[in-house]
Amino acid sequence: MSITIDRRTFLAGTATAALTAAWGGPALAQQGPRDKITVRIDRDLANLDPAYRTGPWDANVCRVVYQRLMKQKVNSAELELDAAEKIDQLSPTEIGFTLKPGLMFTDGYGEMTAEDVKFSFERMGLPPKEGQKESPYKADWGGLKAVEVTGKYTGKIVLEKPRANIFTTVIGDVSGCIVSKAAVEKLGADYATKPVGTGPYRLTAIERQRGATLTRNPAYKGPAPALQEIAIRFISDPRTTDLALRSGEIDFAILAPAVAEPLKSVAGLTVSEQPSIAYVWLGMNVEKGPLADLKVRQAIRLGLDVDQMLAAGYNGKAPRLNTLLPPQIFGHWKEAPVYKRNVAEAKKLLAEAGVSGLKLKLTILNQPAYQNMALVARALLAEIGVTIEVDAQEGGTYWNAGNGDSGKNLDLFLLRFNGKHDPNFIMQWFVSGQTGTWNWQRWQNKDYDALFAAAAVELDPAKRGEMVVKAQQLMDQSAAFVWLTNEVNVLVHRSWLKPAGVPGWLDWQYDSWGLGA
Amino acid sequence: MAEPLVAIRNLKLEAGTARGRAAILRGIDLEIGRGRILGLVGESGSGKSSLAACLIGLTPANTSAISGEIRFDGQNLVGLDPTAFARLRGRRIAMIFQDPMTALNPLFTIGTHLVDVLRHRDPGLSRAAALSEATAMLVKVGIADPEARIAAYPHQLSGGMRQRVMIAMALLMRPDLLLADEPTTALDATVEAQIVELLAALRREVSGSIVFISHHLGLVAQLCDDVAVMYGGTVVETGPVDAVLTDPRHPYTRALIACEIDEDDAPGGRLLSIPGEVPDPVRPMTGCIFAPRCAHAVETCRSEVPELRTSGDGRRAACLRFEELP
Amino acid sequence: MTRLFKDERLGYVASRLLTTVLIVFGAMVLLFALTALVPGDPAKSLLGPQASPELAKRFIAEMGLDQPLHVRLWRFFGAVLTGNLGVDVISGKPVVQLVASVLPYTVILTFSAIGLSVLIGVPLGIHAATHRGSASDTILAFVSVAFIAVPSFVIAIFLLLIFAIWLDWLPVLGTSRSGEFLDEARRMILPTLALAAGWIGFIARLVRSSMLEVLGEPYIRTARAYGLSERLITYKYALKNACIPTIAILGLGIGRLLGGAVLVEIVFARPGLGRLVYEAVSERNFPVVQGAVLVVVVLFVVVNLIVDLSYSAIDPRIRRSSGQGAGA
Amino acid sequence: MNTLAAILATLRRATGSITGAVGFTIFVLVILAALFAPVIATHDPDALDVMNRFAPPSAAHWLGTDHLGRDLFSRLIHGATIAMSVALSAIALALAAGTVLGILAAYLSDRGERVILILFDVIAAFPSLVLALAIVAVFGPSTGVVVAIVALTMTPHFGRVARAQVLTLKNAPFLEAERILGASGARIVFVHLLPNIMGPLVVLASMDIPVVITIEAGLSFLGLGVRPPLASWGTLIQDGYQFLSDSWIPVVVSSLALALATLGFTLFGEALRDAVDPRIGRER
């Protein structure tokens, strides 16, 4: 804790503060642009070592504290060179790189060399050495054979087999962050909260449950970011976030449409809707009782009204999704059918299947959007004679629901996964091998598995695209998925602040945030 | 005879109870002579303690009405405004209570009690001066090792010692009127004797008058100049101790003396040997208050309220028939 | 066992200490039993989507989850006694560090809430007792029950709406960005009020009733009979006696406040033990739940121990020391 | 009947004061709402009407509608049923467990008594909401878990009072007489002990109702209590709070309902205690 006070000064302080407050208090919200801003995140920063990051909130800090060989362009998913001066695809399984010289690690850890690159990639991608914990992101580097150092600044990444998404999801993303080998070896577990990188910002403060402060890194070689200091505050409650935005205590937050909507009328705040690449669907366990019958699944799909569910869950602000891959993602199936509610047809299908008085459980995470959608689904399905019991579970229980044998008991469920700008990344959770883990549908299709494997190594975009679309058609035929939305991120920020992020807004680019007029 | 220190005229006290308004004092007439010790005797519930409460202005919370007159050195205490009364208390009037176990605050030392009282009497007094005066007074009331006792808490002292502390507290104020409400009842017999001896010995210290409340006639005889016998909220007989005790006029006084001889230490002072019940304060008084239990009562006793009449030299009794009685 | 000690007071302290230790051990067993009962696969729930089976296996071995129950209980005891509350599965940091970083916030919040409720509640209670039956006494009776009855999170919400949004006098967030002292203190006002409101009412009522009881005691009549001023009687003689039950309640109060702090910390986005537990619960981060709850329990039990022992500082009847009692 | 007359007399004494009368009125209203919720409510509390969200109060919707267009008044009324059923079942459980353990503690050997008392102390050492969080962490949230948690945290309270009551009665002359006459242990416990210790325990239970309602509301506010679509007052407050910018009515009305109920129960409980025995449960 950064403040130390004794009882006497504390009491005096409270009294003074109470007086100040009663008298009106200092102006909280400076109206004009500031180069020191406060940003809200909804989960606590826990680990800023890219190999052990706990989620996007950590990853977004990693993005600006470290450099990668390549990084996304501003407000784009396209890559450009970052720490690398040059990158060559030497062969389908070999990638050569040359680092820019003079990239200095903070805290006196010296210049970045190819050794650091080798260390950073191999500690994630290769089996851990004795006494080291395996990175939860090891799969990102799946197929890495070795990184060979060929000079101070040059090296070669060697893969076991070709990978179509090696740049977009690995080298150019957070798992491609280059850490200081010396610092990691010296700091050990402390590295989690004392990251050492070469990026545009330095982490200057971090405290559990309060958040962190990023300060411009003067040693950074690229163009200096516009903001001098970014305070990242962890506020879990959306209502508190809303109030803090109004009171001027925070300058940027991403909120659910329902919460953000009324903020449009607040002077000085800009509210903008950005389609997300997180995807939400209602899934069905194809092994469970009547749900094993395709007709029953089709009936449920026809009995639901996606638009009405979205109206309840997202104030109608979220775009409807009709297939696995959102439109921003390579391989999106444009012609996917848009199912319209048809009660008669649904009842007919149920009758054909010989099912009546069907009772099903709908398992959801206990968050407002899902609860609201579930309640609508319950009302809609009641009309085709299916009784739904909504089982809202808190995070821990919920995320275990599809695991192992307990997954066999699932009926219907609402799921939301975070996406990446790569079809294979998104498709991976639905292969047969994920049954009992993340394939809660327990849908096993050999053709899908084959298409997934082939697309992963296909370097020709046209051919790869075809495979991906074909895979999505298989999912549609199974009727085990009722696609709902790829969500919308509503950005709420001071009007003078110009935030930047990779489309989908899971990945923020703090270093490119600017000040408007 | 000089003007008495206290002259009480027709003092009535009523209290609200669950059963209705109770007459606690039913018109008291009494005088307390300067420099004299008045013994106030009677059964429990006869109104002795209530009379003392009126004198010190600390009537219980359920008091609903108080009327009559208490002239204290010319000043009427009935209806006196509370701040003025508070000024009298602790300067001119003081009181010693029945139970020394509960009359001292358990969380404060003896010294604190004494010093606070002294400083109330004399606000300019320094703590050190007050302490030395208090120590000296503790010696006077017969407490050995006063320096140690002054730092002690009440629970560390015995009952007798605590009563000595109470007496010291009272004497420190040099009051004109000292009320002692059964100061020995809660103590065992030997300690009781010591305290009575102490009080007798300390008479010289007290420049003013003392009201000594007791249900114990023997103590009164030993200590007091005058006596007033109370029954059912009235004074039934009053006069010099020797005269009243050797030649009681009121049948109740006689009964009282008879009991005293029978059983020396009747617990609670209930006169078990007199048949009948103590009068109910809620019932209005229509005749002599003692008539229902009186062996000599006649018809008029039940219909006429007897006045307190002169029955001898400095003596008065409230009985219609004291002349006729044997 | 009291017989072992010549000094009664020492015996009292010793037996209180022993009970405290037993309670803490009991709490540890209870916590251990809870986590041992966890349904499902702890590794899967903790490691997330990308966990490989080998990783899960190693994790289970690392946490000692493959050992028999009694061995795990034994290890848990041993670890706690050496100050090791386990490792946060998410950040990989020792739980002790996590708890230590947020503990001061909770301690400051609860103690300032207690302080505030004493500061306001005691004078209110004295006023009500000395003005028994007056209009202000009746109003206070209703208001204090209302304060006690309304849960602190509801009070927190309304304080936030009124003072932070409508009037715009005070900030929304319960901690500052800078950690600057004055700002920090300003931001504590609303959380403290929200937490203290119920206790203000509670203490006011308690002080009122114990004052009334004390004011009826013979020793107060003695003080009056000696003409001591009502002020001296109320604030010196009666208040000290009336304080004893109030202090006894404060110990229990800490427990209630620690519970209430969870909700207040969430509403005001303030760091603290309560919020740590709450978030760990949502993440099924058992080592953190276990460690943080244990610290809350120890805090609570120790405060109660201190409260119990501190009676003796006020009440000399407990402060019995040999050789001082004397006869007449 | 004697007991009935005694109960009525106690009630009359309890409602003699203003606070007692106010408390009793609220108590009766909440109980009625809880018992007859389906009759009193004007709508199905779960009926959605998404198009008609945040409707202002009107003849059709007395208090308006919530974020899913559900009738707020009906949800509040049904909230009373949930609050009361959680409170009563939890307290009944705690009362039963506490009484059994309390009687055991009073009759067991020194060691047995110590074990039970330490057990009480251990449970009481957890602030109730914190214990609730720890238990929810393990079993996940559900109404049953809420009831179990609250019952657990209340048990020591009842147990200690039951034990104290038994200890004062244990050597009472009439029990001695029974024992000498050879009455069985069961007869002594059920015929003599239980009826005599039940009075104070029931008063204590009535004073605990608001505490339980508050804990349940707190857990539901955190999303760790009663599950949707069931609407606890805590859930209603949370929903209203989250949609505060759209309408202030839901959060204010549901907070008021919760506050009024706990206020009423507190006032009534205390009046009842004062009427029966002012010394019970003073430490709370």
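The chains carry the letters A, B, C and D, assigned in the order they are written, with residues numbered from 1 in each.
The definition used in the following text is that a contact is a pair of C-beta atoms (placed from the backbone, for glycine too) under 8 Å apart; a residue touches a chain by one contact, two chains touch by 3 or more.
Predicted model only: the values in this text are computed from it and were never measured.
Common neighbours of chain C and chain D under the contact rule above are A.
In this assembly, the chain whose C-alpha centre lies farthest from chain C is B.
By number of C-beta pairs in contact, B-C leads over the other of B-C and A-D.
Chain B and chain C have CA centres that are 52 Å apart. Spacing of chain A relative to chain D, judged by their CA centroids, is 43 angstrom.
Note on chain placement: the centre of chain A and the centre of chain C lie 38 Å apart, centres being C-alpha means.
Taking the mean of the C-alpha atoms as each chain's centre, chain B and chain D sit 54 Å apart. Along chain C, residues 266, 281, 284 each make contact with two or more other chains.
Multi-chain contact residues of chain D (touching two or more other chains) are listed as 136-137, 224, 241, 244. Of all residues in chain A, those touching 2 or more other chains are 394, 396-397, listed in ascending order. Of all possible chain pairs, those that touch are A-C, A-D, B-C, C-D.
By the touch criterion stated above, chain B contacts chain C in their complex at residues 56, 58, 86-91, 94-95, 97, 99, 102-108, 116-117, 120, 149, 152-153, 155-161, 164, 166, 169, 173, 191. Chain D meets chain C in the complex at residues 18-19, 118-119, 121-131, 133-139, 210, 214, 217-218, 221-222, 224, 237, 241, 244, 251, 255, 258-259, 262-263, 265-267, 270, 282-283. Residues 19, 22-24, 26-27, 30-31, 34-35, 37-39, 138, 141-142, 145-146, 148-151, 153-154, 157-158, 161, 245, 248-249, 252, 255-256, 258-260, 262-263, 266, 274, 277-278, 280-281, 284, 286, 289-290, 293, 296-297, 300-301 of chain C touch chain D in their complex. Those residues of chain A that touch chain D in the shared complex are 238-239, 242, 258-259, 261-263, 308, 311-312, 366-368, 371-372, 374-376, 378-379, 390-394, 396-397. Chain C meets chain B in the complex at residues 217-230, 232, 236-237, 240-241, 314-317, 324-328.
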